[in-house]
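Next come two complexes built around subunit A: one with subunit B, the other with subunit C.
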Partner chain A sequence: MILETVRSMILSSEKTQSVITHIAILAAFSLFLSTVEYMIPKPFPFMRIGLANLPVIIGLSIFTLPELLLLTVLKIVGQGLINGTIFSYIFLFSAGGSLASMVMMYSVYKLMGRFTSFIGISIAGAMTSNAIQLLLAQFILFGSSIWIIAPPFLLMGFITSIFLGIFANVFTRKSRWYADLSTRKKAQDTPLRKTSGTEGGRNSHAEK
Partner chain B sequence: MQKSNLRIIAGLFMIPAFLLQKNLILMAAQVIFIMVVAVIKGKKVKPVPVLVVLISVVLMNLLQVNGKVLFTIGSFSVTLGALKIGLDKALTLIGMLYVSQYMVSGKPKLPGRFGQLLSKQFLFFEHIVTSWKRPEKGKFIESLDTVLEEMEHIYPDTDLSNGETNILYVKKLEVVTESFFVLCMWVSFMVGLLDIFPWG
Partner chain C sequence: MTKIKSADVFIIIISVLLIIFLFIRTYSHPQDSSELLVRVDDESWRFTLEDDRILHIPGPLGETEIHIQDGEIFVEDSPCISKICVAAGKIKRPGQWIVCLPNHIFISIEGTVDSGNGEVDDIVF
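So, the complex of A and B:
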């Protein structure tokens, strides 16, 4: 169902071109952040700050689930191509972590968007991504010894996700581009969808 | 055949020869070979991350006692089975990483609308990289805004149905070279089947 919507979104020419362009911009932004992160020295190559997840967090208040899925897939494939990991196990880690984290962040945003800021959403996403990556690492690489490094790995993810959440909060509050995009998206959506209570905290984070 | 797809196909032929390799010495040789190929094709090999992955994966696997005890360090026993499993996993990870690097070194273009969308993403990415300037202190978001807004104005909602341009086709010599690389991987696999090397 979701995949069908993504497919039709890519195929349709006029109506969704604007959305597609914004998705491509955020996906490119994600690649840029991933390159920035690549340049930051880390003690272990698999240790990640998760800067590239920022566009997905920002996208939560702008895009629908199929649109977010497309953004996440573009992010994963783009990173895989740029880093040359698309045909390696690392791609599996990236895909598993990113998709699970996106679904978790979307769920938290929709269900508890009114009660939590981007910091809480970012923590939920990072913990999910890290848990999936640890599970994959257990089965593919390290075996059960992986759980020895799980506490520092999760702690690191927890700390960096707080910073990422704070940055997302500041960005959505200060950015002209984001404000403009939200307004346009709202105007576009109004005749199509009736906003209800289940819409969670759509755009409420920008005001926090 | 398009030039960008040749290395993808060659890489796909290399993968089984690498993954089916049972001998660790030949597997290490295959890893070194594929690293050399990746360097020939313009990719960089960074020894430090490779060593970190190798050591960390092997060490983590050594924690699970398995098979004959080789030696002990205090109460910690290093076992042959765990060492072999660790080396196998670490070499597979590193090898696949460089096979992947080799496969994308021809800058492949994915087919269809999704491929075009990816091209659009890379067009935007290139714009961010080239136009990004070090922001003034405390003006990071403003700088980011400028780049994001620029992209919308420079590249308005272009249709994804534009045809592909600059398609380069494969030359015979390139086919021969890539086939040679594939052949080397398969010869190494065949030698592994002969059981003449230890650590099989």
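So, the complex of A and C:
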């Protein structure tokens, strides 16, 4: 499915060419944030901040579901490479958590998008990701004793996701790059005004 | 856009309630009393150590007879050939276990191992 998405993107018009560029930018952003997170010392290995999820949150209003899926997969692989966990069981936790949280955030955004800001979306995603990781850890590795660390794990995710959500709110309000992208997406969504899209806002990249 | 909206509050409240519930459920257990945990494949049972009783636990080979006596646990009889579980003797402290591999039975005592009743296994200089 992802391969098909990629192929259709490469083969089709310049509109999707620009989409694939934006996915690449956000994926690279996610890779960078994984590196930053990797450098931050953590008291316990499971206490993660989830910085790398920020591009996925921001991508919610720009991309369609397959495009988001591609971004998430790129994020997972990038994170695995940076943390060196790509061929270990931790990679399974990361992949499961990321995919589930992306699906959760996407459904929250689609179903209740008008009533939520990115704070709520971010919290929902973090809780889903952590819950799925706990479940995977229970069935793959540790058994039911994993639930002893569940409360602080979820609490940590809750707190950091609030900050991520606030940041996403501020970012989406201030960034011209984002405003340009999201208005273009809206123009694509409404069938009345179909713009071919790649013209406007080339020079606003620098201002991000 | 930066203002918190209604569903945000809804999600926050649900998450906080969930976390509080988990905190209470996980940590408010009176952990000072230890329990006997018996596991056979995917099934498990818990018994208190307070009352003396005789348990017949069914495994693939047959019934294993486990005794709880004065807070101590031992396997009286087992249908397995090796009888290692019977030879394992009595256990009474949290963390100790007896296992009968042929009959798929795992017996352990669960509870907190506090430094008060914990013992040093060995000291090497």
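The rule is short, and it goes like this: the second predicted complex is superposed on the first by the 170 of 208 C-alpha atoms of A that agree within 3 Å, B and C clash if a C-alpha of one lies under 4 Å from a C-alpha of the other, contacts with A are read in each partner's own complex, and residues count from 1 in each chain.
Rule of thumb we're sticking to: contacts are C-beta pairs under 8 Å (C-beta built on N, C-alpha and C of every residue); 3 or more make two chains touch, one makes a residue touch a chain.
Just so we're clear, the structure is a prediction, and the values are computed from it rather than from any experiment.
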Which partner, subunit B or subunit C, touches more subunit A residues: B
First (subunit B), second (subunit C), both or neither touched by A:L31: first
Touched partner set for A:P151, first subunit B, second subunit C, both or neither: second
First (subunit B), second (subunit C), both or neither touched by A:F139: neither
Subunit B versus subunit C as contact partner of A:M127, first or second or both or neither: second
Which superposed partner A:Y89 touches (first subunit B, second subunit C, both, neither): first
Which of subunit B and subunit C A:I119 touches, first, second, both or neither: second
Which superposed partner A:S175 touches (first subunit B, second subunit C, both, neither): first
Those residues of subunit A which subunit B touches in one complex and subunit C touches in the other: 148, 170
Residues of subunit C that touch subunit A when the two form their complex: 1-8, 10-12, 15-16, 18-19, 22-23, 26-27
Of all residues in subunit B, those that touch subunit A in their complex: 11, 15, 43, 49, 52-53, 56-57, 60-61, 63-64, 85, 89-90, 92-93, 96-97, 99-101, 103-105, 108, 110, 113-114, 117-118, 120-125, 127-129, 132, 141, 144-145, 148-149, 151-152, 155-161
Contact footprint of subunit B on subunit A as seen in their complex: 10-11, 13, 17-18, 20-21, 24-25, 27-29, 31-32, 35, 44-46, 74, 77-78, 80-82, 84-91, 140-146, 148-149, 170-171, 174-177
Of all residues in subunit A, those that touch subunit C in their complex: 108, 112, 115-117, 119-120, 123-124, 127, 147-148, 150-151, 154-155, 158, 162, 166, 169-170, 172-173
